[in-house]
Each structure stands twice: as C-alpha cells, then as structure tokens.
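So that you can tell them apart, the chains are marked A, B, C, D, E and F in the order they are listed, and the count of residues begins at 1 in each.
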Amino acid sequence: MNASIFVNGFPCKPLPEVKSDDFFFDGLSQEGNTTNVFGTNVTSADVLVFPGLNTLGLSVNRVDFAPGGLNPPHIHPRASETSVVIKGKLLVGFVTAGNVLHSKVLKAGEMFVIPRGLVHFQLNVGKGKALFLAAFNSQELGIVILPTTLFVSTPPIPNAVLTKAFQIDEKVISAIRSKLGS
Amino acid sequence: MNASIFVNGFPCKPLPEVKSDDFFFDGLSQEGNTTNVFGTNVTSADVLVFPGLNTLGLSVNRVDFAPGGLNPPHIHPRASETSVVIKGKLLVGFVTAGNVLHSKVLKAGEMFVIPRGLVHFQLNVGKGKALFLAAFNSQELGIVILPTTLFVSTPPIPNAVLTKAFQIDEKVISAIRSKLGS
Amino acid sequence: MNASIFVNGFPCKPLPEVKSDDFFFDGLSQEGNTTNVFGTNVTSADVLVFPGLNTLGLSVNRVDFAPGGLNPPHIHPRASETSVVIKGKLLVGFVTAGNVLHSKVLKAGEMFVIPRGLVHFQLNVGKGKALFLAAFNSQELGIVILPTTLFVSTPPIPNAVLTKAFQIDEKVISAIRSKLGS
Amino acid sequence: MNASIFVNGFPCKPLPEVKSDDFFFDGLSQEGNTTNVFGTNVTSADVLVFPGLNTLGLSVNRVDFAPGGLNPPHIHPRASETSVVIKGKLLVGFVTAGNVLHSKVLKAGEMFVIPRGLVHFQLNVGKGKALFLAAFNSQELGIVILPTTLFVSTPPIPNAVLTKAFQIDEKVISAIRSKLGS
Amino acid sequence: MNASIFVNGFPCKPLPEVKSDDFFFDGLSQEGNTTNVFGTNVTSADVLVFPGLNTLGLSVNRVDFAPGGLNPPHIHPRASETSVVIKGKLLVGFVTAGNVLHSKVLKAGEMFVIPRGLVHFQLNVGKGKALFLAAFNSQELGIVILPTTLFVSTPPIPNAVLTKAFQIDEKVISAIRSKLGS
Amino acid sequence: MNASIFVNGFPCKPLPEVKSDDFFFDGLSQEGNTTNVFGTNVTSADVLVFPGLNTLGLSVNRVDFAPGGLNPPHIHPRASETSVVIKGKLLVGFVTAGNVLHSKVLKAGEMFVIPRGLVHFQLNVGKGKALFLAAFNSQELGIVILPTTLFVSTPPIPNAVLTKAFQIDEKVISAIRSKLGS
C-alpha cells in the first residue's frame, strides 16, 4: 500500500514493476475450515487478496460444505453470481420478485445463476462434503449474511425493529443472538 | 403495450406521439393506506407506473408511516437510495460491512443515504404520522423485504434452511409465517 | 482532504474511521435566501458538501422560490432529474428533440422528470412561496445556467458569437450583461 | 425497420444477413450547404443514418463553415466530443464550471475536446471556408442548439420565463424569434 | 424466440412464465470432444444456450484438453476472464502492453486472470487430460481465435496483407490454410 | 505527475489551475514517419499525451501510410473505432463472428466502423500516401498488434504454442522473428 498511484482505492503499479505473479493466485486450492455453526466456509479471491483483479470487474469464491452444511441466506450487493458445483449435492435456492422461491438440487458439473441483490442459499443435501466455485462480475462483490446482519450487528438493530419485522418476541431474539454471536 | 418498439422491455413511443403528460406524474400526492402488520405503505413512482422514466435511471418512492409504523429491514438490489424526511421523526438505520449498524433519528428536512444492496429500515419514533420521499438511481429498483422474503415465499424456503440459518425451531418458523402470511 | 486514499478525487475513509454521521446530512432543512435577480435559491446536497455520497451516484437539491421566482433555463450535464413539488404551484418545462416544449403547472405532491442534458426551467406561478426537491443520478450533477453561462462568463463569449447566435446587437448584449452581472 | 429483433430501438440483423456495406458509410464526403442564418452545416453520421453504429457507442459529425460562419452555442446531452480541424481557422470555445470560458483559435490538424453537456461554439475566423470532423462517444449524441431551443421552440417558452431569465423585454424576444424562426 | 418482449435481442419472459429451471443449466457437466487439430474443446454456458443469463453480465466456459492440447492464442472482445484449473497442469500465458508475456504453469485449484481484449493461450503440459473453468463478465463474451481468424476467414484476408504483416511468403500462407482449414 | 489528486491514475488539477490549453492539442498536425517494416505510422492523441481527455472517454489517432503501407492486423481491447479517410485509397477490413471478413476500398471522406476487440487492418492500395483519422470511445484504447504480439514478445511465446497454433515449423517462426524483431 505504499504505491504512489491508486485506482479504485487500490494501488496501481507502474508498468515496469508489474510481474507475472501479479496475475496468478493460489489462495483457492485448499479446502476451507467448516467447523462453525453453519458448517460451511467461504474462501475469497477478490481484489482485497488478489490485487491483480483491480479494474477487471471479476472475482471468484470457493465455498466448502461439511455434511449438512448451509451457506445461509445472503445477498451480494455489487454482483450477480454464476456458480458450478464441483463436488457433492447441493440444494440451491433464491427468492425473486413476488416472493417466489426458485430452487433445485444440483450435482457436480451443474451450474446456477443468482441475479444481483437477491436472497439465496445453498444446503449440502448429499452424504459427504460438497464444494462449488462461484464467479462474480465485481472485483469486490460484498456479502450480506442475513442471520448475522439482522441479529448480531454492532450495535444491534433495536428490538423494536426486529419484534415488529419478524413478529417474534424479545426472548426469541435473545436466543438467536446467543446462538449466532461470536 | 401495443407499441412496435421496446427498449429495456418497455414501449418506446415514436417521437411524434410523445406528449407532455408522459413526463409528469401524479401518483405520489395521496397518503398511502398504512393499515397492515407493519403500519407503513410504499407508493412507487417507477417505470412500471410512470413509463416516462424509461432509460432515465431514476425513480421515486413515497413512504407513509402510521404512529409506530416500521418499514421493515429490506434491500434494493438495483439502486442506492437517498431520502429526505418530509414529516415526523424517523429512526433510520442500515448495516454495512463488518455487521456495523449505522443509525440516527431524523426529523423533517433531514436526509440520509443507503448504499445499494445493504439492509436498512425506518421506524416511526415520533408521536404522529411520518412521511419521507426516497429517490433511487434505477428506474426499477427492486425491493427485497426480508421478513416476507425469508418466511412467506412461495414455495417456502425449506425449514432445514431456516432452522439452521436463524437457529430457531420449526414452531417459531410456523408462528412467524402465520403472523406475516397473507 | 488529508486522507490517504481518494476515489473519484474524493477522500475515502479507512473502514474503522467511518462514522454513522457520514451517511446523514442536515443541509437541506433550511429555506434558501431568494433575494436575487431570479427570486430563487438552490441548496445542494451533492458529494462536495455530503462526502458520504461518494461512489453512490445520487444527489439531492432543494429549490426555493419567492413569489414570481424563476429557476432560469439550465442544463445538468451529468444527470437526469426527477423532482417532487413540496409546496406551491410551479410551471415546469423542458425542451426536447425537434425543439418541442413540454410543460405543465404542478402543485404539491406532483412529480416530473427531466432527461439528462435538456434545457429546463421552473416558474413560481402560485401566490406564495414554492419549494421542490430534486433528485439526480449523479453525485456531482453539474449545472449550466444558460443566461449567466452565455452572457456573463469570464472572459466573456465574444460579441461576434452572441450577435450572430441570437441575432441581437451589441447594445442588447451590454444591457443583459449589466443586469445579470455581479 | 421491418426487422424482428430490435436493440436500443434499432433493428438488429440476424448474423447471416449482415453485409460488409453495413459497416461502411459515405454520407460525410460531400460539403454541406451553409446558406442559412448561421452560415454553417452539420452532416451527421450517427445511428439514425448509419445503423452499423448500433450498440457501438460512437458517431461522427462533419461541420462545414462559410466564411464568417458560426456553429452557435450548443450542447450535446449524451456525449463528449473530440474534434480535429481539417480546413480553415476556427475560434473554438466552451464554458465550464464557475462560468469560465476556455477558447483558442485552431488551424488544420489541431484538436480540441468538449466535455459532455457543456455549452460550446465554433466561429470561422479565417478568410475562406472551414471544416472540422467531430467524434462523439455516443451513437446518438443529441444536439441542443441554444438560440433555437430558447427562442423558437414549439410551443414557445413563455415570455414570462425569457424576460426574467435574460432580463430583456418582449420586443427583443419578438425580434429574436422573427430572425431565427423558419 | 416467439416471445413478445426482447431485451438485448434475447426474449424476456413475462414474470408468471418464469420457471426455476430457467436459472439452472446442465450443459457443462460432460467432457468435450478434443479430437481436433488443437486437442482442446470449449463448452460454453453463455446467453445463447442459457437464456437465464440475459441482462446478468456473466457466463462460464468449460475447457477440456487432451494430453498436449492447446487452447490457441485468442481474444475475448467483450469480457475479462478469471479461471480456475480443475484438473491437470496448464501453461497459461498472455501478452500485455509493451509486448510483455506473462506466463506460469498452474495445477488444480490455482487461478489466473486475463484482462479483456488481450491475447492469451493455455497449453496442457501435464501427462494426462486437463480441464479448467473460465468465468467472464459478459453474457456473450465473444471469441477471436487468432490462427483461424487470420488464416481461414471467409473470404480470406488478402495475401498482400498477410505477407507484409507476418513477413512470410504465399507458400507458407497456403500451408497454414490447408492445415487449419475445415 | 506531482498533482495531489489522481482520477483513473492520472492527475486531476484543482479547478483554479485548469487552463484553456489543457483542452487543446497540437500533436496530430504533423505527418508521421513511415520508414519501417510496415510503411505506416500511428500518432496518438490519448490521455497519456493529452491529459485533458481524462474521464472523458474519447481519443483520436492519426494514421499515415507510405505507398503500399499496411496497418497490420490489430485489436483495440478497450474501444470501438470509427474512422474517416482524409487522403488516399485504403483497403479496410475486419473479421467478425464466424470468421467472416468484411472489407471495402475507401477513398477520402468515406467512413468505417470497427467493433471493439475485433481483428482489423488497413492497406494503402492507392498510388500515393494515405491518411485517416480514427476516433475511439476510450481515453486509453490499447493496441494489440498481432504480428509483434504473437512473434516478438518478451519473453517469446513458447515455440510449442506457436507451432501448434499456426501449424508452422520452428524455422518459419525464427524467420518471422528475425524480420519483425527490433
């Protein structure tokens, strides 16, 4: 970050300093650690870790699933997504205009697309682990994981909002918070 | 919809048929009906009701609040929003990267901005009705209301997803569904 | 302006320094001073005064009118505009392809749209003050006020251009300049 | 216009029907007729006359000047312009933020750039004819010629607007209209 | 193609006719046939075969390699590419400004990025078959395969161009054509 | 380059320091030197030499041809091109989808368009010199000259790639390299 020229807030190397390694990236080759409440792990290859993507408008995520693992309902604010299942069997779903759920069980080699900004999820419905690769048309797609965004933000969303929005009482909110909190 | 030329899927009039009234719209001048579970009403002036907006990349919403009314946590997939409070006192909040909640109580004349794709809400914290005007940089912004998207889609998001995502049991899900459902 | 990262020429705060107040703005709540030759006042909420708009592609103006006040013919080079009348009665007009004028008298709650780069104006035709809020799909829309741009630029547009363009003699030009000049 | 597929409102040929001639255009090779009040003529090669430009975001104008001819102050709503003088000697000017006029006399081979949406003009200040080629980053740039837009639109801009905007009386307006009108 | 609304030249279904299957695609799960002069095969999941991608700005290719297979130097006119090697060992290279070649040998799990419009290639340098998945930020990326574009177009690029461009004689051109031609 | 604000990696002057000369450019008025292997010369007016183009999305090239000169097959990665022949007689061609060559002989005043990212060339087929002006919808269009990109990059593209791609043996490659190399 001691460059003298920045584009999009990221350093831009003078041409003579550009090296071949700037365009190759090895951060996706290892399985992620899925020992967490959701049983999944997202490894990102976006501009924050792979600066060669700067100005190119693309990034890739690797998503690993333990058996039964869930990539919980989430949204990418700045990108549409198209993904290919590499291993396992996944229930993939998203909700579109008019609150219509589209979903399907996919196996290795099959592909799906999620329009930008829509709520979507993937659930491992196979017997073993699962894995898919997701590509995004943004170098820094953003991720809004709904359970944690809604229930464990800092500071928290006021109970007055959550009780009215989800028609649940404060005890349910407290229970969700304690289970999802760090 | 019996035009011969369409742009963006909307009809495009031949120049000689364009009339002045195509660029003016009276749909926002009436207060919306807020007798619903959230106590709020959104009246849209987007390209679906005001075709003169086609290709221009802008739309406006009027949001009315009963006392205590909540515009529940939601997301606009295709637009950022900048709004001005016209009447009343509103708690406005949104959650950004790192699950940080930004919020403030605003009164008439004050303004806020919500980056595209982030979860946000407004709660009427004044004594009377409240009203704000929202402008969007899309002619068809989209709206993903999170409580209904998550809990009352058709078909429903499977319980296996919601119980794991929110760490709640199926009874809570059923209760939410019955309160939010049509 | 002592930030270390700039995007679009505006400072971009490191995430930990971002505060809630960066997204709220109180500059539009006061009536503007309309004691000038046109009897109007534009108060801007663009990225220059509200840096939280940076990268979001939206801004808002508040336009106040004295009785009889005129927002003179002008152009926004970088944005379309959609506006809602808040108070009073305004004659709103713009000129489109083929030199066709579209215009209408609007009252509180009514809305209009002005495509980017077209000449438009608003005239207060009611008995009292008037006010509208304008939203733009650019964080820095630009404004080209035609009377002052054409007649009181520094240095001035040569008389040889103005006499031929408007078919007026130099005395008329001098008179316009002395009335519009500072 | 009897195509079955339209993109941007213009016909899109099925691939097998595309011919080489669709990408070449001979409409700029003839000098335009400059016998009019301004002594200039604009010949356009935009998508309306050269459909091969559709979706490509570029167009070209040829502008011919009689001796003393003026391309009057005008604006392109949808494009920046970069131009090269081919023949003669032209005073080129435009007005930017803060009402600052930038201008220079250019001769054959010299080039200028006009940012989108700014007021600009060219005046033939040489002894003979003049000619320049203008390129635009839009396939349909639009042109707002200010004298005719302001004074000879149909219907006319009301006198109440023009007298207040330019601080001229109605007789001056009538004189301008009769000289510029068809 | 008997829809009534088209966007980007592709049919746009009315909302009630949209089905879940429109967003899922099984065309990438089979290995492609690599028995050709280059020993490679590209299977595309772009908007032409997967209409659900329309307006979303993303597509995916599957590229299979026989041992020794070459994806010959080519260019994508409308997209940058980011790819992940799924199987085998590939020499990946592209040529950037100043005629600098960047290249590296990659194995399964490793990733590369190719900026839009640059010449690039992949060569299978492992012992067995190889496979990678490529993602593009366009729904219809285009592909310009340089050997066939230059030497076996219809009609052919004139020999006068090719002999001067590549400093080869007509016999070499004939030989290339006969080996690459259908 | 000692400015304090950069946009797109190029300096952005504070408004008071902007001068009229920043928007005018004289670099295209001289004929280029065509004594080289191709008999052509490209003089660029892009943002690198004419910083006033920054953020405006346009640039211009002047291309001079000796008799028999060839602008060899090349690609612009970041711009479509529209050009006007100023002098001489040029064979203009480009190759589009399905390896179809579109070409035509053009003379002064005639115009052509080349979609972004497609292979194109111009050959002087007249008796004297030739000249055309090209406009691009990018301030830094990029140029990939195919003979030198393929055969004289640094380091070179491996022979294993070129022999398989063009079905030529290593002696032909060496001959091309020695004739095109610096």
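A few comments on the model shown:
In the analysis below, a contact is a pair of C-beta atoms (placed from the backbone, for glycine too) under 8 Å apart; a residue touches a chain by one contact, two chains touch by 3 or more.
All of these numbers come straight from a predicted model, not from anything done at the bench.
Identification of common neighbours of chain A and chain F yields C, E.
Graph distance from chain B to chain F, where chains that touch are one step apart, equals 2. Compared on C-beta pairs in contact, A-C and A-B come out with A-B as the pair having more.
Where chain B touches chain C, the two copies mostly use the same residue numbers: shared numbers make up over half of all numbers in play. Among the other chains, the CA centroid farthest from that of chain B is the one of F. Among the other chains, D has the CA centre that is most remote from the centre of chain A. Separating the CA-averaged centres of chain E and chain F is a span of 24 Å. Rounded to whole angstrom, the centroid-to-centroid distance between chain A and chain E, based on C-alpha atoms, equals 27 Å. Annotation for chain C: residues touching 2 or more other chains are 6, 97, 100, 103, 115-116. Applying the touch definition to all chain combinations yields A-B, A-C, A-E, A-F, B-C, B-D, B-E, C-D, C-F, D-E, D-F, E-F.
The touching residues of chain D, counted against chain E in their complex, run 5-7, 12.
Residues of chain C touching chain D in their complex: 37-38, 70, 72-73, 75-78, 91, 93, 95, 97, 99-101, 103, 115-119, 121, 123, 142, 144, 146-158, 160-161, 164-168, 172, 175-176, 179-180.
Listed in rising order, the residues of chain E touching chain D in the complex are 6, 8-9.
Chain A contributes residues 15, 18-30, 45, 50, 52-53, 56-60, 80-82, 84, 86, 92, 94, 96-98, 100, 102-104, 106, 108-116, 133, 135-137 to its touches with chain E in the complex.
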